[in-house]
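Presented sequentially are two complexes of chain A, the first with chain B as partner and the second with chain C.
What follows is the complex of A and B.
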């Protein structure tokens, strides 16, 4: 079951919630819509489900127009962030409801409904809770009941709106893994919305990063993490240092102060350098390159992070495991091993430039550093 | 981070004179983190240079300058300008730009006093309210149409209607309302008879109190009181129930299961109330008459037998039917308004409360307006 989203736009008053969204979800794929709140991801999901109507554009299921079809014929399973279970019904009836109220011709016989509901409750490992009411269940259990209810109508498409958003971190992780298994088992085309990048990267076959009603990038988790196509994606996926700088005659200089950081090919002018904290190395100080000061060191579980001030700019650094941990106030040398340069003014679609680090270890930089250090060398 | 520990004195240091001007050297990191020290330094320098005349600030020594630093520098310049010419030297173009921006921003923008035109404001408010009411009315009418279509479709396949839901709502809106409706109607009957007897006794027409109580209760007050109580009891409950489901996204969940919320939520409630309200009104009228009879006996010594005989002669059956004929219409209005407001709930729980209040007000308003229209209609038919 493929989903084709073509040119969907939606406005709420003067606010453009979605602007010309085009996306294709392949059969059996698990796709994550990832973005901050207000990026339009939930609106898009609700339009796919038929809970909201688009101002323009169409949604095709298996090449078939759906926008003016009754939700019943769409056969879409929807899981809500806050479960949305029917509170006055038992777990069994919640799951069975979608089948029980079908018109007589399409309604399976009672015994078959009961059998199917119990099979689904077994699948979500909650068969023993069939007679309970939703308010007697924990959050994780409720969400699994909601999933069973969504699956009861034998959906062709499963849509999940921040399914783990209201759960605590541990349950969330467990349920995430479980959902991944379930998806592999059932193979239903699924789209889920999340603002948690870790969740999206771990769970999805493909990630759609959204911002302000537009799609920023679509790709596998590895692609979007390793080669973000916009600064927004860089910042949204994982921690990153955003450094204002400018490129002059092949070298990258800090915007404030003009300290050289490294080299860059084929660009000149103001740019923004993105560096992941684990792509920065702290080395023994080197007087010719200017020293950086360790301002703050804190350990979070296995990870040690440091804030290092270099030429008036703060860099967040993740220290390698097992390495020496510098003391606060210690002088070090900052070495940027990898990064990406986004020219300040660029055409949409123009690719970012790679950042060329100074040759590691050696005191001689990979590119000529120009007058600033040449005199000292 | 840095700077916070730096003493205030380190930021501005007197550096002798240049010609007639006193020279101040600015140093250190003029940034947000150092604001405490900066503002002290500025105050101190301004106080120390009182009566100095021309001042020159040498700013080469500033290591870092952010917006806060620039604002402080601008503040210092303004303080000293009151005393004599001030020159700030040694800023690179970027920092100079920042300082210029800070100096420009320092003067407060003129705030226009809003022009008060109370009469125009009143007219504007009335106009907006009228338009809002028009929108609301059209919306409600659209909803009525939608329910009518669903009702028509369901009438063709009555098996789709869920009998258990209708019975459940009849119990909630009808049976459970018996005590309060009964008591209030009884008391109204007592009050009517008592007040009527007081007036009629002056003309020696005590027995006509039966006519008064009979006609007013059977024709108007019985059904009107019941409708108002039910609007407050059940109309608000409909809004609250459906509204809570809406907040909880249960209504959305129904849609995704392919169910029509109007069919599942609205129809059973409306049908239940349309069936229950006439019964409730009949019961209310009976209780009202009983109250009237009790008061008549107490005040006028009219026995129950006399009361009933007089009632038979004074009030034709048609009067009661005219009264009860209104009940299903009122019931439909109360249920429709209650469900409409409930489905209009969006987002947060506080809109449930607001719309519940509104649903009661609107349905009582509509019931009384309709009652007046019915009076005109029946009068023109000569009933």
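What follows is the complex of A and C.
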């Protein structure tokens, strides 16, 4: 089942929740709608399910117009953020509900319903809880019941709204892996909404990054992480240093102070440089270049992070594992190995320019270092 | 270490107040001195005894003043029997209708956004804020002989005022808010995610209501119905205006009590009154029993 979303717009009063959304979800694909709250991702999911109406645009299931069909006829499995389990029904009855409400002619016989429900509960590994009520279950178990219930109607499309949002970190990780396997097994076209970039990158075949009712970028997890097409995606996916700078005669200079950081081709004027913390290297100080000062070193599990001040600007750096950990206050040289420049004061759709690092060992001879100590404390 | 130790005692203090402590156990910060506590409890108890318990006892004492025989005779008297029947009939019509209206009103207020919603919410409270006498008067003005619809009704030989329909209408008006008031906050709090889930799974509107919404609200609904019933049987003011006080025909129990009382027939008056009081007590007991029996479920579905 493919889903074609064409030109969907939605307003709530004066607030534009979705603006001209176009997206194609391939058959059997697992797609993540990723964005901060208010980016419109849940609204889009609800429009696909028919729980919300779009102001304009269409949604096609397998090439067939769907928006004019009642949600109950769309055969969509929907997992709600807070599960929305029927609290007065046992787990068994919750899962059986979608089959029991079918019109008499299409309703499977009782024994078949029971068999199917037990098969689904086995699939989500909860067969032994069939007689419990939802409030007797843990969060992770409720989540799985909700999933079994959504699958019971043999949906053509599975939609999940923040499926792991209400779970603690450990359960979330387990369930994520489990859902990935389940999806590979069943191959149902699935769309899930999340604000957790790690979740989206780990689980999805493709990630749709959304912001303020628009799609910022669509791509595989690797693509959106490695080559973000907008500053927003850069900032939203993973940690990043955002440095205001300007480009003059092929050189990238810090906006404050004018210290050179590297080179750039094909652009001049103000820009924003995005650099991932692990794309910065700390080298022994070099007298030709201004020294940077290690302000803070902290270990978070296996990762060691450092805050390094260079020419009055703070950079977050992730130190390579097993490498030497500098001491606080130590003088080092900051080497940016990779980065991306987004021109400011330009059309936001304009593509970013690659940042060209200095050759290892020091700046290119042509670079005029100037008063590189400016701004240093 | 010192920090850990003090944390431990702080946590244990709640569970084990008897644990020997180096200093005398201080009373909780919000606690009062024993004297004040006693005084407050005393005042509350005295108030309850004088204003609630004593009158109740007085009703039953007066009713039984002439002995069981007189008590039973007073209740078996035809007019009293007619009043009892009329009261039960009125409640049997008004309560189910208000149950339906209440669910409808709560449904549209809790589930939909529309202009005039706050006005509707205010209107639902109108019967509580308006004097019952006026509620009755409204119906006389509408359906009475010289009322707005009076001539038309007379032409078609329909009697509303001074008959059962009028009494039922007045009762419905007065008891309308009970079910709606009980359900609106409940339904607002519960939201409609479960209904959406049912819808996506293919349930029709009626199936969703019957199997999802109704079970969700059943305790709130039952509360509302109990309160509504108690008031429907006990309503005096509004019914007094529209009933016309035709003995044995249009007098409900409260009206019958008043008639007997005005005739200085104390024993009979209190006998009927005691029956009303008994009905109220049964209602309250039923409510308490439900709360006790289904405490867990109530706690799970609502905060009361």
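Keep this in mind: the second predicted complex is superposed on the first by the 359 of 377 C-alpha atoms of A that agree within 3 Å, B and C clash if a C-alpha of one lies under 4 Å from a C-alpha of the other, contacts with A are read in each partner's own complex, and residues count from 1 in each chain.
Keep in mind that, in the parts below, a residue touches a chain if its C-beta (ideal position, glycine included) is under 8 Å from a C-beta of that chain, and two chains touch if they have at least 3 such contacts.
Just so you know, these numbers come straight off a predicted model, no measurement behind them.
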item: Fit or clash between chain C and chain B when superposed on chain A; value: clash
item: Chain B versus chain C as contact partner of A:97, first or second or both or neither; value: both
item: Partner chain(s) touched by A:312 [first = chain B, second = chain C, both, neither]; value: first
item: Chain B versus chain C as contact partner of A:355, first or second or both or neither; value: neither
item: Contacts of A:295 with chain B and chain C, given as first, second, both or neither; value: first
item: First (chain B), second (chain C), both or neither touched by A:135; value: second
item: Touched partner set for A:76, first chain B, second chain C, both or neither; value: both
item: Which of chain B and chain C A:153 touches, first, second, both or neither; value: both
item: Colliding stretch - chain B into chain C, listed as 22-30, 76-84 or 130-138; value: 130-138
item: Set intersection of chain A contacts, chain C complex versus chain B complex; value: 49-51, 71-78, 80, 82, 84-87, 97-98, 101-102, 149-150, 153
item: Chain A residues within the chain C interface of the complex; value: 49-51, 71-78, 80, 82, 84-89, 97-98, 101-102, 135, 149-150, 152-153
item: Residue numbers on chain C that touch chain A, as the complex places them; value: 193-194, 196-204, 207, 211-212, 215-216, 300-301
item: Chain B residues within the chain A interface of the complex; value: 1-2, 63-64, 157, 159-160, 162, 248-250, 252-253, 255-259, 264
item: In the complex, chain A residues that touch chain B; value: 46, 49-51, 70-78, 80, 82, 84-87, 97-98, 101-104, 146, 149-150, 153, 159, 256, 295, 309, 312
